[in-house]
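Here's the structure we're looking at; comments come further down.
Chain naming follows the written order as A, B, C, D, E and F, and within any one chain the residues start at number 1.
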Amino acid sequence: MRRALFIGRFQPFHNGHLHALRYILERFDEAVIAVAAAQYNYTADNPFTAGERVEMIKLGLGDLYSRCYVIPVDNISNNYLWPLHLLSYVPRVDTVFSNNRFVQELFKILGLETVETPVLPGVSDTMVRRLMAEDGDWESLVPSSVAEFIKRINGVERVGGLLKLSVRVQGERF
Amino acid sequence: MRRALFIGRFQPFHNGHLHALRYILERFDEAVIAVAAAQYNYTADNPFTAGERVEMIKLGLGDLYSRCYVIPVDNISNNYLWPLHLLSYVPRVDTVFSNNRFVQELFKILGLETVETPVLPGVSDTMVRRLMAEDGDWESLVPSSVAEFIKRINGVERVGGLLKLSVRVQGERF
Amino acid sequence: MRRALFIGRFQPFHNGHLHALRYILERFDEAVIAVAAAQYNYTADNPFTAGERVEMIKLGLGDLYSRCYVIPVDNISNNYLWPLHLLSYVPRVDTVFSNNRFVQELFKILGLETVETPVLPGVSDTMVRRLMAEDGDWESLVPSSVAEFIKRINGVERVGGLLKLSVRVQGERF
Amino acid sequence: MRRALFIGRFQPFHNGHLHALRYILERFDEAVIAVAAAQYNYTADNPFTAGERVEMIKLGLGDLYSRCYVIPVDNISNNYLWPLHLLSYVPRVDTVFSNNRFVQELFKILGLETVETPVLPGVSDTMVRRLMAEDGDWESLVPSSVAEFIKRINGVERVGGLLKLSVRVQGERF
Amino acid sequence: MRRALFIGRFQPFHNGHLHALRYILERFDEAVIAVAAAQYNYTADNPFTAGERVEMIKLGLGDLYSRCYVIPVDNISNNYLWPLHLLSYVPRVDTVFSNNRFVQELFKILGLETVETPVLPGVSDTMVRRLMAEDGDWESLVPSSVAEFIKRINGVERVGGLLKLSVRVQGERF
Amino acid sequence: MRRALFIGRFQPFHNGHLHALRYILERFDEAVIAVAAAQYNYTADNPFTAGERVEMIKLGLGDLYSRCYVIPVDNISNNYLWPLHLLSYVPRVDTVFSNNRFVQELFKILGLETVETPVLPGVSDTMVRRLMAEDGDWESLVPSSVAEFIKRINGVERVGGLLKLSVRVQGERF
């Protein structure tokens, strides 16, 4: 049994994430999906709660879900400590996948090399949120089950509103 | 007995706040004044401590105080959770007053509709602090008892100094 | 204007607290009532939320309230730091009243001498909660407005249930 | 799509948990399994990390897993706030299952009624840990896949050692 | 340059600690002394502040100090994470010394074997504090410079008072 | 015995710090060096861990170390409380040295006047980090033992990489 870790904020879960997870699940028995920055929500960069993100990931994965764990993990202020903090909340993994340079750097502290996943060009969390705010075609960038979920919880209005207010962290607003 | 909640940072308490509270107290038996971001102080946006803000609010309210609660509440990083966190520190309320779009959005999560208060044009926390820093006429924007209090604790110098240093949060400065 | 600080957990507010506050308000212009351990609730020792405690204190004080502040303050793990932490949430005070030896010791660190209040024999938070759990005459130990409030929120059942479950802190239960 | 919430510490996951989850999954489309007290580990009451608990739950569920979420949630000190804190980390649920009186009480604060699950007599987290420490037959109380997992990570020795040291929380030991 | 880590709470620093450190400094170039549970003070088990403990350690070490680091480290609630948390606050070390079975167990998680130090029979933090409270001969168990320091800050009275009040953590007292 | 406090983040320790400490140690018996913002690391402004900073300070001090304490102190969000928080982690001091206007302001809250140290023109933490990132001559601005240490831990690459990623706090990155 070989298991891979895949880390993201999934704000929201999109086709690029699905593409990377398919790639991982062709090479590993199971994937652990860590939902980072779990304590943040209702901000411009983190509009969805951890629970909403977990729900959309299971929806987007479909049948692949039975080979995946989806686990929210809070951020902490000590970056050096963050990889082990994350690992204490997830099952043991053999390999860490990430295209994020900073994540790669931090895992090296523990002596763990990270591996990159193939990228779907033009799809990113930021891009999807911007298209939502600008009334653009965000739906084609996410699995249709995820698009339906987001519309059902009025997620498009939420993302647009938070971007307009530029709410970043609560302490700045009131 | 009907009770209303009024939320602000009160940095400092000014005539706009007093105006809103008079409006509320004409319609409700009691007002709960939540002093948000209570743990922050000595920053450009939050120059006064929670205790100083509580003291100036009671001064500014005068006789109205006997129908009010003034309660400091710390901010937390989970925005979704913030309204209930706040409610656990204050007496039960029937209505929530706020003109802040973000506060309105967050209270909707709990199924609570917020109501707007009339606004006194040209008066805001930010405006009062800017006038303090620029040696402008800030005193006419706050109750005279509050102005006296701020001068007694050398608040004008503090606000000016913090704005000049652009101290936002401590971690950024040293 | 001379102001005194009075510290307690007020689980619940009882005649002994009222007796001490009357004593203080004969000697000072204003009293600051700090509601300690504010973040704790629904435990055997801390059954009521900070908000409920604030509400019962205002009810119990009656007309005296207009000369009082009622302010919840969270506990922190650094005892040495606790008195100044508390002072940052309350208006400036001239004297600190407490019969608690530990509170007295901690305020000495700041060079602040505490003063004792007269005691009403046989009345304490613990005693009131025990009488509630044993179906005893707790009502005669608290102001009648407070008794009514506690009954309205089903506080007697809550206190009895929590004592039976011996819920102390959440981490111990599940 | 109807979804149920099931809350526990799963120290470790045993046949009683599996029994309850089978009952729930006969009545609901999906079950959300919240792993409470997630930040605690290597104590007498909480020997396993959140990640280890998640791993044993998926193992124990077998094919049922595809209809379940398994989500670690940290405890917080404000009990009143805990149910909504938990709900912010999990997908939306229709019903909350719990036989724990305290959990039932806390969810009532949010207006949510909890439902009880059938119980497997003589099986509990405490019982399994005690049998581990006393070299008793703990294996028959947990799914065989979970027993294998626990032996592979030397969990029996860990539980016995922590019980002998009576390590409860770290602050008490050194 | 070879460096060893030595962990304790040092409540207070006594001859047993000095004995162990002499043993370590005969075998290593430098010793890193981690003052654990740094955030706790003014409790029965942790009467002295981190700063006071650091001061008494330097006093007790005398000339050995120039080859030592003395570093306070807060406890955290995630035991699994604690060793790396501690290591992020201290210089890189080659070996970890500890006679505490729990500390040994936790460092094994990181793959780090701990080594035991020789013990001075009949000397422990608990014993010294008990002798202080019972007016016994605690002074012969600590370096004379440490005894003087403790008397200068009225430490004996503090330890006795806290043991009598059985103040363990602040949340339990008020 | 007279003791002075010197506060900094030491990202990294440079000749300006050494210059100030020599000045202080000519006037005081001992210096307490508080390493502020201790919990932050692997960010653009705080690239080095507390432990690495402590190690480089001892290296840079050479023989002066035997008269110094080097103590990491976490930042907290309540600025008013920060000076006493810091003081609870360090030995008692007679004088506080700082050229930082904000630090001076905060210590005044406790009634403590701070004293300025002479400055070495053109040397600052920011300048050293910028030269590292731009392949400039940073080595001449720090003690040679510190330069060697930084190169041995690949510190130059780390600082450059973090500046390029503009990693400020973790929550912003993923």
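What we mean here is this: a contact is a pair of C-beta atoms (placed from the backbone, for glycine too) under 8 Å apart; a residue touches a chain by one contact, two chains touch by 3 or more.
Computed from a prediction, not measured in an experiment: that's the story for all the values here.
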item: Required steps from chain B to chain E (each step between touching chains, minimum); value: 2
item: Distance between the centres, which are taken as Cα means, of chain C and chain B, whole angstrom; value: 25
item: Distance between the centres, which are taken as Cα means, of chain D and chain C, whole angstrom; value: 36
item: Whole-Å gap separating chain A and chain E, where each centre is the average of the chain's CA atoms; value: 42
item: Sites on chain B at which at least two other chains make contact; value: 40-41, 49, 78, 80, 88, 169
item: Pairs of chains, among all present, that meet the touch criterion; value: A-B, A-D, A-E, A-F, B-C, B-D, B-F, C-D, C-E, C-F, D-E, E-F
item: Complex contact set, residues of chain E against chain A; value: 78, 80-81, 84-85, 88
item: Residues of chain C that touch chain B when the two form their complex; value: 38, 41, 49-52, 54-55, 58, 65-66, 69-72, 74, 87-92
item: Touching residues (chain side chain D, partner chain C) in the complex; value: 7-9, 36-37, 40, 45, 75-80, 82, 100-103, 105-106, 169
item: Complex contact set, residues of chain A against chain B; value: 39-43, 49, 158, 161, 165, 167, 169-174
